[in-house]
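These notes open a run of structures that come right after.
Both complexes shown next keep chain A, but they swap its partner, so chain B is in the first and chain C is in the second.
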Partner chain A sequence: MRLRRYFIHRLLQVLPVALIIIVINFLLIHLAPGDVSILLAGEDADPAYMAAVRERYGLDKSFFDQLIAYLGQILQGDLGISYRTREPVFDVLMERVPATLLLAGTSLVIAAVLGTWIGTAIARRPGSLADTVVATFSISLFSIPVFWLGLMLILFFAVQLRWLPSSGMISIGGPRDGFARIMDIVWHMILPVAALSTVWLGQYIRLARTSVAEVLSESYVTTARSIGFSEPYVLFHHGLRNALLPIVTVLGLELGLLLTGAVLTETVFSWPGLGRLIYEAILARDTPIIMGAFIVMSFTVMLASLATDIAYAALDPRVSL
Partner chain B sequence: MLYKKSVLAAFLLTWPLSALAQTTLIVPQLDEARTLSPDPAADTGGYAPTSNIYSHLVVMDWGVVAGTPAYGDLAKTWDISPDGKVYTFHLRPNVKWHDGKPLTSADVKFTYDRMIEKKYPYAAFLRNVATIETPDDQTVVITLKSVDMSFVPMMAQAAGWTGKIYPQHLWKDQPGFDTGPYVNAPVGSGPFKFVRWDRGSSIELAANPDYFLGKPSIDRLIFRPIPDTNVARAEFDAEQYPHLPYDYAPPLAEVAALQADPSIQVTFTPSHYSRDIQLNTQREPFSNLKVREAIAAAIDRDAMSRLGFAGLWKPAIHANVDTQKQWINTDVRFPAFDKKRAEALLDEAGYPRGANGMRFAAKVTGPSYSDCKAINEVLVQQLRDVGIDAKLEQFDQSTWFRRMQEKNFDISCYFTRYGPDPDAYREHFGTGGQRNFMGYSNPQFDELGARAVTLTNEADRAKLYKEMQVMLIRDLPYINLFNEQKTSLARAKWTGFPLQESGYDKSVTWFGYFAVKPPGK
Partner chain C sequence: MLAPRRLLTLLLQNPTSAASLFLVLFALAIAILAPFLGLPDPGQMAAKPYLPPGGEHWLGTDNFGRDVLSRVIWGTRVALLVAVGSAALSILVGVIAGSLAGYYGGWLDSVLSRTFDVFLLIPTFFLVLLIVALFGSSLTLVMIAIALTAWPRSARIMRSQVLSLKSRVYVQAALASGASSSQTIVKHIVPNGIGPIITDGTILMGLAILTEAGLSFLGLGDQNSVSWGRMIFEGQRQLRLAPWISIAPGVAMLILVASLNLLGDGINHALNPQMRSRGGAPRRRPTAAPPADESPRPVSPIIEVDNLRLTYSVGTRRIHAVDGVSFTLPRGASLGIVGESGCGKSSLGSALLQTIPNNADFTGGTVRFDGQSILRDGKPVSERGRLRIQALRWSRISTIFQSSMNALNPVTTIRKQMVAAYRLHRPKAGDAEATARVAEVFDLIGIPRHRMNAYPHQLSGGMRQRTMIALSLILEPDLVIADEPTTALDMLIQDQILAEIDKLRRRLNLTLILVSHDMGAVAETCEMVAVMYAGRIVEMAPTAVIFGNPSHPYTRALIDALPSLRGPMKTLATLPGEAFQPTETIVGCRFAPRCRHATDLCRTEAPPSVALSSGHTAECHYARAFAAEPLREHA
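On to the complex of A and B.
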């Protein structure tokens, strides 16, 4: 019951923020030069056609009228029709969400779990050889541009060795359903997930290492050690558990940006995800898609921060909702 | 467990086998199609798939660079009345839609009428149409308001983009070509039938066994969106595609190495466009002819080709390109490179070098094409060499275009078109022409252009167009630099790709894969 009230409270907080986001973005798109009529009219742009397109999409109206019309439509739960594909924005977005969640979600989980584990393991002896090597390594990991890493992985594993597919999410003419299709997708996921999680891995290693090392210097850890608990138990039970809050915070932030955080990876691997869709929509001035994506994103951010708060409460008895 | 193993085994075994039995051509594309209904709006990603699904009344392909401005697709032949106003198109007999229904002249009329009514992009090429009549199932008679020799070539060129013929029996109940069940499940009459579209992954087509020019040699044609050029190139190297379209052209510096590889064919195809620079003749100091002459004399095309194009692009010194042989005037040429003369002209024009060694500032811009970027980088340097304080200014494509329309530029790289019909001159250089961003206005030029398009005799027309080229070189609203050239790759022994000579006049549009033949077929 309390949780529900809390949830509603948070939702109400998000609404004005979402409204501001919509207005600002609407303004930005409006200020950007060029509109969809130029892109739809093509090579031999006919002024009559461009005028017809502008009229049909209401682009001939003033900025204020366009904004009011859009907000009215949003209030009725209608995200509108894509300028380019003439399909409902909601359907277009939802078609892309699973692919992105699969790629970015898997990578995030792998990066967070593996990174935290490695970071915790090396936190025990700050300054040791293992610590220095891993710390340097993790800095280089998150300094690698993901598109470059992706391309290198493709060149090595897909072009040279030909072990893995180089791009796409499914084989052309491959299996269309059942277990074989799942295997096909997993097969295509290996390289993009490897690229994305490698780049994300570094920061979790560093984050876990720093916060666990800090906790290990606390007196209750000394107490636990002197009681005679085994070192791994102290490390993971007393150390990591109390060091999790900053890690959960970063995880929550990234979770919120999950849907758009993989544009470059999606581009390099020709992954049919949401990030690429938004990028293309921006280039084509497909306002309904861009705005729809912003709205979906503000809700993911809200859900992620809600989840973070709940995780806080579960992890730290001092925090209550 | 046994079940899982056997499914996996079945997957691994049957897939390559079924692939072997058929010839599959996978074509990478930079942009994904927005819809599969090409007529209502421009859609760079949709042109290739839809050009292979639908047919057109008349078409043009890369054969335009070898002298074919148009040829018949659904129209087998056409006659022009002696006064040049009435075009009678004779359709091929027994053409069928992919659903088996016969295609008739009524479908052509229905499509064109709707384009005109809805102001779809192709209507721009039907502007001069007075009436469309269908005396019988095999004949379409189009009467023009005035004689226009560019009518068929321009229809043919734009057909590859937004001029597909739609089946009346499926579309007549839809309010427009952008709504209804056939937008993304197209039924056409072209060489390939639509099979499936996995958004973001692939568009799959299958050979149409009943195609009126015969079944294509390719059984399955698949378009894949590959937005990253490096990835497409890597996949071509990994032999996933037998063909790499020009959108993914390799850096020209790598071409020598590719040419040495016997398993790869490198094809250079000069187009009917040039790469040139437009000068804003309505803005100081470019309004001064001496300044424009000086700029022309300051440009060293050979150095530009060497630095920007590994010496592989051919300089263009006339007001046309070599691929439009029947129209080019080779008696007049743009000023030759002469730095001393350029400096002298600028001094004469009243722009001596100032204290910093510079005469005046000039912003150099252009579309976001890689070749224009290469040209501009060298151009800026060459202008600075004669004391013009040139600076690069780069915008995204639609911003650049908007600024050109507003005549808000000094010097811009541009792509002037010379074919499929020389009437293109009026669009680029006629007073108020749609692509006349230079603000060039010459009543004599306008008069010649208006007359030339009405002459039915090619030799008489050529005479006028050659006169117009003399004027352009005298007045220098633009300076031609190169004949644009496309670079594409193919695996050895594959023939009939649109950019290869073996595909000319057979490809059915710029994006057609009907003529493609794999090795040994």
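On to the complex of A and C.
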């Protein structure tokens, strides 16, 4: 009950953000040099298609009417037509979502679990040599350009050692179904997941270390120790449980950064997800796809922030309206 | 805000920060000096293509025969230009917006804050990507686009800085003396609030470099400039044939971005030195075996403390918070320990339970509980690999903490926490039995049973404090140490709680040690009073004796400072000077510098412990004289 009311409240706060993102998109395309119809239909579109695009976006009407028309379209899930494939942008994007989810999701779980574990372990000895070394190491990890790390992994494991495939999600002419197909995908995932989770790992180590150390200096931890609870119990029941709050918050806030990494990694490994699609769209100057991707990414981040707020409220009984 | 010179000294003391500062400065130097280094033109396709590193071309040549080293060095220029340009731009916009929001508040603040929040939700990279894709690519545009998405970071930091600075005395003084708002912001607020923004600026610079490189890698970089991202973008097609083309710029980028991030981290730590060592698990300390001649003596006294010493290390300073404390308590007694804050009374409490912070050490002393040695010569006593105190904690010695701060875990219900404590020491008890016991102590303290399902934050201050008492009693301990149990509460509730503690002590035959700065609270609750000053008990006596016949000038000063409801109105006496922390060896009496009656003897010779009557001792050269002289106003 408490959560439902909270959810509705937060949803009402997030909706204006969605509106603003759509407006930014609309303004950008109108401010951009060149004719809007050419941006949307492509430079060498035939006159009939061009006319269709002008009609669709109401480009002959006033600026304000265009904005209203555009808002209406987006809210109905109509993100326009890709001029490269002449398919609805929304469908093209959705087709690529599963691959991105698979790659980003796997890497996120690995990085978050491993990073939280290492960070929690190191929080027990703040200021120690191990702490300093791990802190420096984790900062260095998220300073690595992820696409470059991907290339280096390819160079070492695919080119030099020939252990792992360097690109794609499945082998050409490989198994088409069943367990063998799953193993084939896993095989292709190893390198991109390694690149992505390595870069994210640094963030989580740092975050968990700071949050857990902060919690361990709270007085309820002293209470627990005075009661006689063992140190592992204190660390996990009090330390980690309370430290999850800031960890979850930052997870939501930094999702945009995470998606950036995913897009770049997909480009390196020719992973057939959204990132690869954006790359192809840039090469083909397929503006509707790039705009659509921006909207989808923004909405994803927004919804993730909403989800983390809800998770926060579920984890922390102090949150109320 | 630290002075720049001091900050630099602190940074250079830390090897990581010093190294990263050096690397950033080095990158800056070669970026500025690039045209004068005698390098081959980075765009010139003069050499043979695909030359591996070595010889004339240290890092080899690329597929067009361009010198990779030269391109990496020229790329440093682009990287730093983007970094400095976008960081400066976003800090400028952020400082202005943040100052306005924080300074003027009201509707302007809510509109601007809302804008920051919206911008922070937009995935930066994709917006920059869209802008560059639509507007064409140039370095300036890339910088503007990055700044456009990054300014809310600086704005948010500036806003909270301004909010906290606004109330400061010097800002108020500037306003009161007639300075205009804009003058005040520019002259006083911005320079003082900009520290954390600069720290964040180094992280922003790293982010900008990575963003630009990411764009270049997607083919959206400035076609006319040699950027590291662009080099990697071009090099990836030659990965198999000439990997050095993409290795070199990536390494350069990693080093520069990592240095910037580490530098930001270093500045942050230098500005907030307490951050690095907070928290942590208790460290292992050397332990002692139980004494060989120990025979169980389950008779009074319940606790014997002999010459206990506890020393804190703060930086290079050593603070002797407990400096040779001795006392014994019979079973069922109640002792109040009073003194100013910083006198070591709370440290004494945690020393008895051996829950001292990591920067504290026992430097001597013996503690026996119920005849059993738990601390020997400053070492916790361990038996069969287990600390003796661990077996006593909560089941025999418990504490009542001040509950104003988070003394209970905020995310779990009170019942769960109390049940967990009970079952830890009564492993055979089930959930139902434990809950029944919680209900019992709740009845005892007078809290309605249903409140046990509440979370700590749902209770009032007084209720929370009662819960802490209930928690301390759940295992029927022999000794309860109450550390400032009523300090955070209003007077009425204070009296109620103290009366309840006293009632329970008599009913359950507990031994109570009440640590408080409040003479009045101690007078109501305790049979004995120990007055602590600078780490030592300077006077100890039965309560009536302490108030009737105070024999140490410090005790007399404390009693003088008490407001009295009876007798004529009078100004409350205050004690000049500050309670000092005993950092080095003390010559003479530790109270002498603040004592009105101090003589040369006091300043040169440590006072002996003078036994005045049964159970009454005072550490003063003139204790007998004071004992004979009644307190003037209180009679």
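Definition applied: the second predicted complex is superposed on the first by the 238 of 321 C-alpha atoms of A that agree within 3 Å, B and C clash if a C-alpha of one lies under 4 Å from a C-alpha of the other, contacts with A are read in each partner's own complex, and residues count from 1 in each chain.
Quick note on the criterion: contacts are C-beta pairs under 8 Å (C-beta built on N, C-alpha and C of every residue); 3 or more make two chains touch, one makes a residue touch a chain.
These numbers were taken from a predicted model, which means no experiment stands behind them.
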item: First (chain B), second (chain C), both or neither touched by A:R276; value: first
item: Chain B versus chain C as contact partner of A:I144, first or second or both or neither; value: second
item: A:R96 touches, of chain B and chain C: first, second, both or neither?; value: first
item: Which of chain B and chain C A:G228 touches, first, second, both or neither; value: second
item: Partner chain(s) touched by A:L39 [first = chain B, second = chain C, both, neither]; value: both
item: Contacts of A:T267 with chain B and chain C, given as first, second, both or neither; value: both
item: Dominant contact partner of chain A by residue count, chain C or chain B; value: C
item: Contacts on chain A seen with chain B and repeated with chain C across the two complexes; value: 32-33, 39, 147, 151, 154-155, 159, 267-268, 283, 285
item: Interface residues, chain A side, partner chain B - complex; value: 32-34, 38-46, 48-49, 52-53, 84-86, 95-96, 99, 147, 151, 154-155, 158-159, 162, 166-175, 178-180, 183-184, 267-273, 276-277, 280, 283, 285
item: Parts of chain C lying in touch with chain A, wherever the complex brings them together; value: 16, 117-118, 120-127, 129-131, 133-136, 206, 210, 213-214, 217-220, 229, 232, 236, 239-240, 243, 246-247, 249-250, 253-254, 257-258, 260-262, 265, 276-282, 353, 355, 390, 393-395, 398-399, 401, 405-412, 420-421, 424-425, 455, 457-458
item: Residue ranges of chain A in contact with chain C within the complex; value: 16-17, 20-21, 24-25, 28-29, 31-33, 39, 123-127, 132, 135-136, 139-140, 142-145, 147-149, 151-152, 154-155, 159, 212-229, 231, 234-235, 237-238, 241-242, 245, 253, 255-257, 259-260, 263-264, 267-268, 278-279, 282-283, 285, 287, 290-291, 293-294, 297-298, 301-302, 305, 315-318
item: Residues on chain B engaged by chain A in the complex (per definition of touch); value: 4, 7-8, 10-11, 15, 18-19, 24, 26, 31-32, 34-35, 41-43, 118-121, 123-125, 158, 161-162, 178-179, 183, 198-202, 204, 220, 222, 224-228, 230-231, 234-235, 237-238, 240, 396, 398-399, 401-403, 434
